[in-house]
Amino acid sequence: MRVTESFRDEELLADVICRLIGDVRQNVRHVAVGAASPIPATAALLAREKGGGTPYVSLLGSRDHTFFTDGARELFDCAGQGRIDVFFLSGGQIDGAGNINLVSVGDYDHPKARFPGSFGSAYLYYVVPKVILFRVEHSRRTLVPKVDFISAPGGSPDNVFRPGGPVALVTNRCLFNFDRARRRFRLKSVHPGHSVEEVLDNTGFDFDRPDDVPVTPAPSANTLLLMRSVVAPMVAEVYPQFAKNVFGIEAAVPSS
Amino acid sequence: MPVIARTLDEALESIADGAMLAVPRESSGVPMAATRALIRRGVKNLHLVALPTSTLQADLLIGAGCIATLETSAVSLGEFGQAPRFTAAILGGTIRMLDATCPALHAQFQAAEKGVPFMPLRGLIGSDVLAHRLDWKVVDNPFGDNDPIVLLPALKPDVALFHAPLADRFGNVFVGTQRELIAMAHAAAKTIVTAEKLHDGDLLRDPVLAAGSLPGFYVEAIAVEPRGAWPLPLPDHYGIDAAHMTEYARLAATAEGFAEYLDTYVYEKRAA
Amino acid sequence: MPVIARTLDEALESIADGAMLAVPRESSGVPMAATRALIRRGVKNLHLVALPTSTLQADLLIGAGCIATLETSAVSLGEFGQAPRFTAAILGGTIRMLDATCPALHAQFQAAEKGVPFMPLRGLIGSDVLAHRLDWKVVDNPFGDNDPIVLLPALKPDVALFHAPLADRFGNVFVGTQRELIAMAHAAAKTIVTAEKLHDGDLLRDPVLAAGSLPGFYVEAIAVEPRGAWPLPLPDHYGIDAAHMTEYARLAATAEGFAEYLDTYVYEKRAA
Amino acid sequence: MRVTESFRDEELLADVICRLIGDVRQNVRHVAVGAASPIPATAALLAREKGGGTPYVSLLGSRDHTFFTDGARELFDCAGQGRIDVFFLSGGQIDGAGNINLVSVGDYDHPKARFPGSFGSAYLYYVVPKVILFRVEHSRRTLVPKVDFISAPGGSPDNVFRPGGPVALVTNRCLFNFDRARRRFRLKSVHPGHSVEEVLDNTGFDFDRPDDVPVTPAPSANTLLLMRSVVAPMVAEVYPQFAKNVFGIEAAVPSS
């Protein structure tokens, strides 16, 4: 057995997300990745490489890895048709009920901090069956008891049309699953080098957990190789800075 | 009849102070040369609608004091961090912000495109985006049973402004797969385009090019502006100028630095 | 994953008896080879939705007894006169007719495309088209004041079927400016395409061809059928076969003549 | 002064319609022609030739004379935006209130005759400012007291959104204008060789008329020349049978 290689946090998280995509493989035909999502982009492309070309992966902002031809609207229309199976969302704040805040901290009319905005979250969180939440910074600043602004809620009343919603939350410390019926997170595993106590100390919301919390498996050597040699150059097209920082590669010069 | 303007300023003439101006997302052809020209002209009180998001363009217009109302789903510099002038304006309360979500903006443009007063959209219920939009309504779906759904009013900009790879003398504009530019032009009262270059011949006579083209009768004016999206990218033509964006992010972090940026990169033409 | 079918019949397998089948207007690529194959197979009880009108295709399917319900805005043979089997079926009461109007059908497909339960549309009020459509509703525009407006329910066909100039091995299909074919595919649960020919390479990799293409992930199956729209036209490729249409109009004027037409032009393959 | 040439009914009607388009020229940027409308197509192309390239003319079904690139929907969206200034409609029956019937005669559920269907009339009649009605056959069979089926009504209650509607009706015998306020036709002129009495005898609905009804001017020699030499070959692209019958020209072979 080969000794586990060293890896970066981003690589572990991409591997975790890739396995989350894989867990739902039987129904997954199309994984879409939105703006400002380099780790999910890495994960989705990794899943496609491992799947021998499936699922379809659409990266917002990519020329090489998108199958949309009907403009910026098509992703949302496509999701509304039920053709997008997995999407990724983050949040400046995320709370224990799965609510996400991409707008501001404090009173909306007099905010203390401002994030870019809700993007497509107030729609996609409702209609994509499997939404994977990711937030690298796992702290009481980001994982809060209650978000100050609900860009999109973690759950909805029974009479609200909602085929989609959160399935998991991936941070730099751990993986939570989301229980839609109870609208609560459940700790699934802590990443290598991290502990349950640390997760408890740094999480602002209550969550469920088993008595024995497993350790998140490290990425295999093969996965790391695939990620670094095949996936990273693809990621560099859309996220050149990320690809440079994480994988140490430069983007190809865009064709002119 | 659309006009190939002699100058960029001439093409932009009909963008009046206070106009509702629609512009596209970063990856679809942002008219940055036109944006700098508008700042030089000192345009004021714009209601800027970025379909569905913006980056440098909104930040620059906000910092230069051109914007009264901003209506969009997100503003950042992407990989280059937060949009500093946008963030400062929100925290300082110096612009009116209409927070939206991407598909809602698309639906609102589609409503204008179809000439209908509203468009329904799923999602949104329980979101504070909806809670803060008094112009959006929740109704009971008449085809359902206890099924609330949001109706969004049509959004009809005074002017749509974007940068495209190719235009011809008949006013036809090739936009390729960036079809939200077509929806934007359909929705807007007037459309002004900057184009990388002029196409010899008629884009609509080529059945392949026609499929990705906006017909000229929607177009008010065209100005030819090579590298008109710089420092932002133009799909299939050039990438983002990362060094410039890094410099922008550094300078725009302060009001003083932003003023220096304007002097160097926006007003320089005036000095030249 | 879309499949380049080995035979036309294989591509059409998933069109079941009773299916709601969407097909395009004459000038957009009517799948006539596929239509003849469906008649040979003896498909029954189709709910045919022609977006927004039909000519020979609906007439042929009606005459051959394949249609239970027809939903469209008009059926004729254009310059070749009335559609005789359609007219006979309406006068004889042998099919259920859902009379529509072109933009209503487009709006209903758009509703399905957007995943919304309905779409508003202007016009219609005071028309007997509306009066006979119990599935369409009039509501008071919530953004207006005493402003009635029609809401049309989403129309989501089981299968969309059309003929296109070009397809590739990834299932991508070039439709050019006939973009209602794209809306139709977006709206339908499955899409089956016959194509004039197979394109070497990936249509989506060419930024110009991509602008006029439907991505493969919407497509269930493709069959290559040269002159697959004959005797109807395929835009930019071939015109209508006027002599054949004249003969059809003559023969289909009577039930006996229509049977002769079927024997000669539809079932001949069976005999061969 | 040159002697008036002989001309066909279709040529006179196209000239009449062309002048109707011209009457509203100041606001006319875009004239659209729908299905099964060879005479309006001739008139619109003639108007464009006379106008030196304006207005835009879009012929449904034409490859050479259409400016639409967004599929079959665009004509209707474009009209909804207020960008189509003139359109043409016909009817199996037309009544004195401007209602048109493109569907059936007799009871809708047990009709005695069936027409093709309403096409886009139930929308375009409401939203296009100037709709010109044309019906070559002027008889009590076609111009009826009350249509059996209203594909689209000639007028609407004040609270119904309706920027558009009929402005005129052209037949093989005469030209009527339509008074929207009174929802009635008014005889404008009778065509050469026809009489007011004949119009009265053959019209199933009441209409207004001046004491002296003028004769419709015949097409000028120049108009006929333009129509036959320049416009007819264009018409032949979409209406080859019509062009052959009326103008005696064959359509060019479509490119393959």
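Read from first to last, the chains carry the letters A, B, C and D; within each, the first residue is number 1.
We take it that contacts are C-beta pairs under 8 Å (C-beta built on N, C-alpha and C of every residue); 3 or more make two chains touch, one makes a residue touch a chain.
This one's a predicted model, so the numbers in the text were calculated from it and none came from an experiment.
Among the remaining chains, those touching chain A and also chain C are B. One simple way to say how far apart two chains are is to compare their mean CA positions; for chain A and chain D this gives 59 Å.
The geometric centre of chain B is 40 Å away from that of chain D, both derived from CA atoms.
Centres computed as Cα averages put chain C at a distance of 28 Å from chain D. Residues of chain B in contact with two or more other chains: 110, 114-116, 121-122, 147, 149, 177, 179, 182, 210-212, 235-236.
Residue positions of chain D with contacts to 2 or more other chains are 68-70, 76-77, 80, 127. The touch graph of the protein chains shown belongs to none of the named shapes.
Applying the touch definition to every pair of chains gives A-B, A-C, B-C, B-D, C-D. Every residue of chain C that touches chain D in the complex is listed here, in rising order: 24-28, 51-53, 72-76, 78-80, 82-83, 86-87, 90-91, 93, 99-104, 106, 110, 121-130, 132, 146-149, 177-183, 233, 235-239, 242. The touching residues of chain A, counted against chain C in their complex, run 29-30, 54, 56, 67-70, 76-83, 127.
Looking at the complex, you find that chain B touches chain D at residues 1, 112-116, 182, 186-187, 204, 210-218. Those residues of chain D that touch chain C in the complex are listed here as 35-36, 60-61, 63, 68-73, 76-77, 80, 102-104, 108-114, 116-127, 149-153, 156-157, 159-161, 239-242, 253-256.
Put simply, chain C touches chain B in their complex at residues 107, 110, 114-122, 137, 139, 141-144, 147, 149, 151, 153, 175-177, 179, 207-212, 235-236.
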